[in-house]
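Worksheet for the structure shown next.
Labels run A, B and C following the written order; every chain starts at residue 1.
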Amino acid sequence: MKILREALAPLTALAILLVLWETVARVFSVSPIVLPPPSAIGLEASRAADTLLSGALSTGRSALLGFGLSTAVGVLAAIVLSSSRVLERALYPYALFLQMVPIIAIAPVLVVWFGHGARAVAVSSFIVSVFPVIANTHTGMRSVDPALRDMFRLYGARRVATLWKLELPASLPHLFTGLRVASGLSVVGAIVGEWVAGVVEGDAGLGILVLAANRQGNTARVFAAVLAASMLGLMLFGAVSLTGERMLRRWHPSASGS
Amino acid sequence: MRMSGLRRTFPGGVPVLQGMDLDVGAGSFVALVGPSGCGKSTLLRLVAGLDQPNAGTLTFSPPLDHTPGARTPIAYVFQDAHLLPWRSVLDNVALPLELAGVPAAERHASARAMLTQVGLGDATARYPAQLSGGMRMRVSLARALVTRPRLLLLDEPFAALDELTRHRLDDQLLALWKELGMTVLFVTHSLSEAAYLAERVVVLSRRPARVMLDRHLDLPSERLPALRADPGFAREMGLLFHALEQGDAA
Amino acid sequence: MRGRLVGLLGSLVLLVVAGACSRSKEGAQQAGGSDAGGTQAAAQVARVKLALNWVPEPEFGGFYAARDQGAFKRHGLEVEILGGGVGVPVLQMVATGQVEFGIVGGDELLTARARGVDLIPLFAVYQTSPQAIMVHASRGAKGIQDVLSSGTIALEPGLPYAAWLKKKYGFDKVKVVPYDGGVAQFVTNKDFAQQCFITSEPIAARRQGADPVVFLVADEGFNPYSAVVVTRREMWKEQPERVKNFVAAVREGWRAYLDNPAPANAVMGKLNTTLDAETFAAAAQAQKPLIETEETRTQGLGFMSRTRWETLGRQLVELGLLEKAPAPDEFLLPEFTQAAGKGSP
């Protein structure tokens, strides 16, 4: 299958990297609390599999919620921004602001508004991942072929029809670019959100697991948790990419694989 | 359609049209030729209502019906086919009817009929990315004609295609015109194409455009490919060319 | 493409090799230095670094006093004190030789040793752990058990004594949230409890008008040595005199600080502007009974007993943080479990 063939190259690189890492760690006696060898990480991962899995589920749930919010709000915001130059000039700086303010600084405010728990973590995930969706979709809507706009105008299309039948489909490739970026960011936002606004017992996410493992000097578990978080991000990225492929397959060069 | 004293100056003070007068009879085929940038496209856009003149009048008799949802009386074909890449050929052609609120079954039937007329009856399920340039232009034509417009405006539609395809589409357009009887305003920079297609050719000068020549061609009404080799054809082209040169020399 | 991959892996290897080489080079330097040091002990001043695991606060007062009041100098040392903060990896810094000495918690030392990191403890500032739980007086709690029966409590994830409390009382009736290092949430919410350092957060909370009650975790039976000075085994093997001198100087510094904390407080106050002079003084006062006990009066400040380390090891095994409790003989040096000289307090 095409997927297996494509995966062969990066998988081989990974295997080589792991072997090298293990060898170097053993030969040069690298301190296990600085850089544990892959074998130690694998061992710890299997030992703590239950905890890692429930942590991944918790973080995954919040990240998914945050990502969903980013998609919905992002597209809506892009529509609003594209509808009028005045609105664009007035509101775009605030969208930019959301991107620039470090989430660590906003997180305590989220606790005040939403309390500790999954809701605040999802909001954190949303704040970190929404801007790429807005920016890319907005660009996509602004880049619609003016001749097509003329044609819609000529045929007396109302504003909603132009939005729904022209602007949104035309900006789909841009939207998916934004969603791909947002997918990884949503996991990052969830983890950082957990550090401040999560719960430590009951529904502890991967972010909390990382902190706990670090506090207990279990560097191998830190790496294992970080790896689990990366996999979460990868899965979401993969899902978004695949959806994009299917939707754009028939008409956009970016999906045709040519 | 009658235009009188039509003026259009672009923002920044560039005068494109300074008082253009033109009368076009219903059902006639008129070609507009002129040097690049003389304002032919601008003129066409003004007629289509995509642009507003700074002065002058544009009247249609009978008057146009601009109620939203009605079948638009004016159709426009661009140089690029400008199809929606995410829609099938059928849905592209059906678009004008869809925007006018025509239900799916009816508009799909009209679209299919139109596609058959331009020879693409079996390509309805394909996507624009899978079509050649010539086929895409035919889809664009079908889309323009699916609403049975009273007035068909074409802005150098076949300029980007190869010679052979262009000739085929010229004949296709003529056939459609003969069958549907709409008024056609055809902008081109190709004198031979203008002479081959139109009953009447208007030659425009450089910007700001003035009418250099407005001539009913002395050619048989049935246009066959062999006409291009006819000495009468060459004579008409010569007249057109002379007017073009004069208009460009100003 | 293949070339780039090889290049990337190659640089990765170079990086780790460089890191390892620099360590072994340092070891050679230290070995060379000790030969010369023996004959010119008085004339040569050794430069060492001490990494703290939090910002400069009264819990480190003795170290600053040792530096500024000449104790280190008298013992032939020039010490650079690196203030810490959130997430500073002191264990890693000492383990890789980036710094010669570091301050860590007793439990951290044992878990690091379990992973093969050969660090040894030299001096324990706190005989009684200053870790505590603080709660609003209005809740009428008589002990930590009451605190854990309702409301919210902020605890650092992975804290060993949190695991201890969970084992003892359970967390099913209380909502556990991350500790943010401050008192803002505590001050605004009466149902909010949090972990604290007895010398720190309660004082800050009182200044903001709150009325906290503080319960020491040590009273619940979990009492690891706290603010422990550690170094690498190699350091002890190659420079035993330097290590002994360091500890002796630290002991003098703490004596000086306990007798008069004001000068060191002033120095630390400039480095840590989040606390004012009054708070520094109050904290220095509050921590005295945790540092100077019956035992230290006979055995010397910073004293560490085998029993305490054995107990800690056992408890960490019970909590599942260690597989096996290490025998204190493996890491507790006799030089540091006895009084340093006769008659010295």
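Definition applied: a residue touches a chain if its C-beta (ideal position, glycine included) is under 8 Å from a C-beta of that chain, and two chains touch if they have at least 3 such contacts.
Quick caveat: nothing in here was measured; it's all calculated off a predicted structure.
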Pairwise touch network: line, ring, star, complete, or other: line
Chain at maximum distance from subunit C, centres defined as averaged CA atoms: B
Chain at the geometric heart of the assembly (C-alpha centres): A
Interface ranked first by C-beta contact pairs: A-C
Computed distance of Cα centres, subunit B from subunit A, in Å: 49
Cα-centroid distance, subunit A relative to subunit C, in whole angstrom: 38
Gap in Å, rounded to a whole number, between the CA centres of subunit C and subunit B: 85
List of subunit A residues in touch with subunit C within their complex: 13, 16-17, 20, 24-25, 28-35, 108, 111, 116, 194-202, 204, 208-209, 211-219
Partner subunit B, residues of subunit A touching it in the complex: 145, 147-148, 150-158, 161, 165-166, 169-170, 172, 250-252, 256
Residue ranges of subunit C in contact with subunit A within the complex: 5, 9, 12-13, 16-17, 19-20, 87, 91-92, 95-96, 108, 111-112, 115-117, 152, 155-160, 162, 166, 171, 175-178, 180, 184-185, 321
In the complex with subunit A, residue positions of subunit B that touch it: 48-50, 66, 68-70, 72, 74-76, 78, 80, 82, 84-86, 95-96, 98-100, 127-129, 147
